[in-house]
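In the two assemblies presented below, chain A is common to both, partnered first by chain B and then by chain C.
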Partner chain A sequence: MTRTPLRPLARILSARAAGENPDVIERENLRARHEVIREKSRNRAEGRLLFMGLAFFMAFTVIGARMGLLAASEPMEPRSAAPGATIVAQRGDITDRNGRVLATNLVTHALYAQPKDMVDPGKVARELAAIFPDLKEDDLKRRLTDGRSFMWIKKKLSPEQMQKVHEIGDPGLLFGPREMRLYPNGRLAAHVLGGASFGAEGVHSAEVIGTAGIEKFMDDRLRDPAKAAEPLQLSIDLTVQATVTEVLDAGMKMMNAKGAAAILMDVHTGEVISLVSLPDFDPNDRPAPLLEGDPGDSPLFNRAVQGVYELGSTFKIFAVAQALDLGLVNPDTMVDADAPMVWGKYRIKEFKNHNYGPLLSVTDVIAKSSNVGTARIALMIGGLRQQAFLKSLGIFEATPVELVEARGARPLVPAKWPDIVTITASYGHGVSASPLHLAAAYAAIANGGTAVKPTLLHHTTPVVGTRLMQEKVAHQAVLMMREVVTRGTASYANIPGYAIAGKTGTADKPKPGGGYYKDKVVNTFASTFPAHDPKYVLIVTLDEPVDTSSSEPRRTAGYTVVPVAAEAVRRTAPLLGLRPEIEVPGQNALTAVVQKKN
Partner chain B sequence: MTEMVYGSMPVRAGEPVLSRWWRTIDKWSLTAILVLFGVGILLGLAASVPLATRNGLDPFYYVQRQAVFGGLAIAAMLGTSMLSPDMVRRLGVVGFVLSFFALILLPVFGTDFGKGAVRWFSFGFASFQPSEFLKPGFVIVTAWLMASAQELNGPPGKTISFCITLTVVGFLATQPDFGQSMLVIFGWSVIYFVAGAPMVLILGFAGLVAGGGFLAYGASEHFARRIDGFLSPDVDPRSQLGYATNAIQEGGFFGVGVGEGQVKWTLPDAHTDFIIAVAAEEYGLILVLCILGLYGTVVVRSMFRLMKERDPFVRLAGAGLACIFGVQAMINMGVAVRLLPAKGMTLPFVSYGGSSVIAAGITVGMLLALTRTRPQGQMGDILFRRGR
Partner chain C sequence: MRTLAYLLTFLAVIGSGFWAYTENYATQQTLKDVARVNAEIADLREALSIQRAEWAYLNRPDRLRELSTINFDRLGLLPMEPEQFGATSQVSYPASPAAALPEITEPVDVIGEQDQAP
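Moving on, here comes the complex of A and B:
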């Protein structure tokens, strides 16, 4: 404890000397000091209490003033949806490569109710149910009379519907201006565009946000006010898109397929000129996603991007091109194609147990689509180099295309890569990829051997990717694919005017539990045209097609998908500005002379 | 002579208790409190009907309960206000000890009434919230300790009371009840402030809070969003606050008329936290300003009366009681007009509440007892200090 000195020392000492009690003096001193302290603290407390009293007074005054301001202002719910309220176009337009509108905004109105201002809820419910068949009168009446003060009725109204609602004439029905997303071409390019819906909603406006496709992928760009005036230009060509859709739709019906997809891509830039997936939907009225069953059967499913299939023999050209590039073979090398080929416990067979062997030239391996021949070539390459090549073609990764769906569509690639996988992968089994992957890989071959990044955005400058193979090899591969059309499995694609080069693919569909269906196939035709100087790649895929025109049902690509692709090329090539090569009609002595002269 | 020197109460032999009480009490504050109670009953007639309907009771069931509890509260208030400061101090300390034990026992015997926080003891006919009774007792104890710390050779009252505050806040926070914790901390801070907290400490603390706020705003996105949401002028019309704002706007200056209000049907807390919105909608700005004026009268008058007070304990305890009473009203109304972020806080005497009304009665009773007119040693000044 601290020792407190005696105070006042002088008086206490003298008192002690005089024999008096010093405690009295000390107590007296203590009392005096105490009084001083109290006086000081009282003065200080006086100021502070005054300060607090004033602070409370101010606080109550501020609250009162704020109450007054609120009371003087109008209630937040507007009596009428301010007719002059302007809404800024918040979302940029989307156009095709030629500037034709694919998606734009339209001013419309949302309908909402303030039931407490309503004169006759029963009548309102009855008349609204008559205008909007999807609203139930009982339900509407219940909601209008359960005491709520605000409710949305319809998010978008057509002008006719709005007029009819006006004619009900009830003061409790109000309109809020809305910008709605409009796709003037309806179903066309639905899977590319995706769709949009309302985000945060207020009475005066609502934000429009992308829900799928490029609308969602480019949502930030489209909603950026700085770029609102500048439309987003896609690589899609509206006319070509319409033509391909029409041809594919007819082909799908004719071949009894349950789905179809087509991709037309510029081989030099990777621009997707047309991307079709059927069945499709109307992005103006996007259907709800399927809650049960296979999501792949929903019209929302983008088969061209999300559909990951075993693409079958279309993969053979990759093995052959790589072998040519590595110098293991040349187009005329004879390879062992004796079927069936036995590898461990597996037997590699040809289509319908044919045997094209014992020996087959590399060109014929492609033209006749020999599984065994391709397998032998793949074994020459080896699994490691094969993986690396497929990877460089982009087949092992999700495509970088500007659709949200593309990120989720990762190819199915076996984790281990023993020789048997090397064999099956060479003819497109055991490795699944989307038609878009195939398009990018074919474009890499068709453009002379440089990698291609698929894109949906319009490029004005040419894009040069990394070189994947020698230009000569790429040219040889295209010539082999031309042989497929002229004398091989895709003879229906041999159309006058345009030289198509391509490769067919028929793959059995895997069963969900394992194993493969006997009678369900995915047919693919991967093609490029014109063959002598490829400019475009066209991939057409039919899901579960069957050609019933002959006595027995035929499910090979050559009978189902090739004619569809051929028709698509015949109709789109002129739109793409390609001149048909007019063949000289029937050689005779005279024309031969004339030609020589020239 | 000694009594005159030390400024203690001069004995008025023969003056009856009631007459002395009436002569010395702050009649303005008393009137204001009685009127507030009347306003509470009036608003209860409007605001508690939906709740009674929802619970399938007689429409005015809660009004009757409010009248009964309010009657008890007024009796408690009048009784307390007749006590001497020493008796107030004893009552406060005993009340604090009892309610503190009740608070400790809450986790064992308490109930949460399905609201997620264990704050009540249930007695079937009524419930009892210890923290409501704890507050006035806590203020008295803190004031006593702080006052005695000012004596020469006194106990270290500031440290002790700070420790008590931390303990109480700890128990309240575990319930959890952050509103009451805030009130308790506020009460302690006010008393410390009046007792003479160093200016450096106050300014430093204010700087710390402001700096911390800015830092949190910059660093935490969540915090920033809360603040932005609170500062933005738009309010979601479908939230409780949106309804309350709308009700105040609908009411305007003179209200939509008795019983015509709508907000009480949509707001679940119309009879407690948002009763001011009901008042504003049905009776308009007029009644709201009256209520504000009444609270202001009680708080500001108490402050001014305490300025003259010489007894440090009375000064500190009175300031603490007046402030927790006033700040509770201030927060409640501040939330309704969106000056403060949302926090559940009842309006003392006006909001519906069983035992809490009695606690409020005791609080105000103590305040009235401490603000009574007493001789403040003026005679001593005249006699002994004239020369200084």
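Moving on, here comes the complex of A and C:
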């Protein structure tokens, strides 16, 4: 661009010649030049605005388009981040101590309907009622046609049922995948496992939650995705559990009992090897709880854990063991056992008004199950120390076992503890506890005097509890219980091969209104084997048994529950890997000397 | 010179474009494969868990007891009992190989010398 001079000489000269002011020309030219400059800068500014506008427009268009795309498209997981191990199942398996499956998951389908898409509700209702006998045609038809847009029909389908529903071929019938809990062993260990049901349900999946037993107690652990791959290993041994159930079921029927319970426990670790309560149920199809009547009669009731009974003479060994531990007596001390014993307004009598006295050795008090002898020993100990000892055995608290029912089963203990309670508690009256409490307390005596915490989880490491009594005392107590079997009330438990040591207990059942039934008893046999080196404790309880094999009905533990327990030991001990042995004879002068030398 | 540089750049652009194209499709194919394999793993796991459940169901103690009762004639299975335990001393030894050696009729006395320690 050629630059126009502000004062072009030719025009200035001609203007001067014409007598005009040459500054006018200069101003004119300056104005023209400014106009050009202004025009140029305005164009540039406009261009910039346009550019900025375009840039913003494009940016917003891109963002808007992306947002629209995100909103309109199906969400989906990033595919490139390959997951390592996808979650196998939403709930962990449960196995026994040897890894045999007790509870697992099975993929199945739930059936639901969208009546709005249904072609012929009447036909669908008819055909569904034919496939599922529990559905009513009229009811189904009414619900399918009342205008709702969604309804569940069945929570679980078998593959055969699913195929039949497919064959109805109605577009309004749809399937949702489900994981259902399966207990392949059926009724076995039903009370331990409890059961599971669906929690929050959706079309694509449903929560599986535990409803009872260990399924509920360990619900968080079983649902933890981090631990879903490793099964929860219980201390239960499936084979032993099946054997104990078989023996107990036969025993219950033979002794005309209405219920039975058995617990087999490892005395060193407190692991429950077998826990049976009869009658039982199928956890795959858990029955509804009883709405009326005694909940204790429901098959759901776990007698071994929830059944809080007066366990009778089985408690006698606690008083004797404590007296031995305190040094008040030794096994040969003679105590007063002259029946009946009068204490205030109470008369303490023996079974069938026998009198084993006037004097009885402590061993014979246990062997003959003398109420009076035990009462005298308990009075020597005193109420406070007796309470403290029973508490340390865990008899006053709910058991810490991993079952949700155990928390609610608190033993019934008198609030006040006068001397008469000291007396009755020593032979197991007035204090109620569950068979599991008894198992833990007996295990503490059998393992040499250390406390045992009952558990249903498999331990691989040894557990050492606090010491409750001297080892020598615990050994003496077991030897006394061995006397019960060899020459006392539990002679039916004297089986070849395994030395059982145990104590019988017969308790009258309390009436709901107060007082006791004359012809209803709870019989218990608490035993440990092998007697010279106890490894297991077996508690067997029969509810209202009666032995009708002789002329008059017999209801004492020695005739009813002891043979059942003996058979259980005979069958389970080989399975537990215990060799049958010839009983080790008691020490005589010669063997005692030989042992000392060694 | 400049033309050559332009030409090379152009070829590089075309080349990298082609490379990106093939990589893109290879990646997508791999992702599809991974998804397919994952689905297969999930299916196999499901099948495995069903097999495990069936194994447990078929081996439940009730059924085994019934089967052993039904097949008692052939198998003769009884519950394990204490009498079935034996002691190793009850197992008879095989005939000793010494019995098979010829009898020594002419014994020879041997008097050895003890080695002297150096």
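Note that the second predicted complex is superposed on the first by the 493 of 598 C-alpha atoms of A that agree within 3 Å, B and C clash if a C-alpha of one lies under 4 Å from a C-alpha of the other, contacts with A are read in each partner's own complex, and residues count from 1 in each chain.
Keep in mind that, in the parts below, contacts are C-beta pairs under 8 Å (C-beta built on N, C-alpha and C of every residue); 3 or more make two chains touch, one makes a residue touch a chain.
All values derive from a computational prediction rather than experimental measurement.
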item: Touching partner for A:62 - first (chain B), second (chain C), both, neither; value: first
item: First (chain B), second (chain C), both or neither touched by A:498; value: second
item: Contacts of A:73 with chain B and chain C, given as first, second, both or neither; value: first
item: Which of chain B and chain C A:36 touches, first, second, both or neither; value: neither
item: Partner chain(s) touched by A:186 [first = chain B, second = chain C, both, neither]; value: second
item: Chain B versus chain C as contact partner of A:50, first or second or both or neither; value: first
item: First, second, both or neither for A:116, with chain B first and chain C second; value: first
item: First, second, both or neither for A:24, with chain B first and chain C second; value: neither
item: Touched partner set for A:250, first chain B, second chain C, both or neither; value: neither
item: Chain B residues touching chain A - in the complex, by the definition given at the top; value: 150-153, 190, 193-196, 235, 237-238, 242, 245-246, 248-253, 262, 265-266, 280, 284-285, 288-289, 292-293, 295-296, 299-300, 303-304, 306-307, 310, 312, 315-316, 319, 323, 326, 330, 333-334, 337-339
item: List of chain C residues in touch with chain A within their complex; value: 27, 31, 34-35, 38, 41-42, 45-46, 49-50, 52-53, 55-57, 59-62, 65, 79-85
item: Touching residues (chain side chain A, partner chain B) in the complex; value: 4, 30, 33-34, 37-38, 41-42, 44-46, 48-50, 52-53, 56-57, 59-60, 62-64, 66-68, 70-77, 116, 147-150
item: Chain A residues within the chain C interface of the complex; value: 79-80, 82-83, 86, 88-89, 100-101, 104-107, 182, 184-186, 188, 238-239, 241-243, 246, 496-498, 570-571, 573-575, 579-580
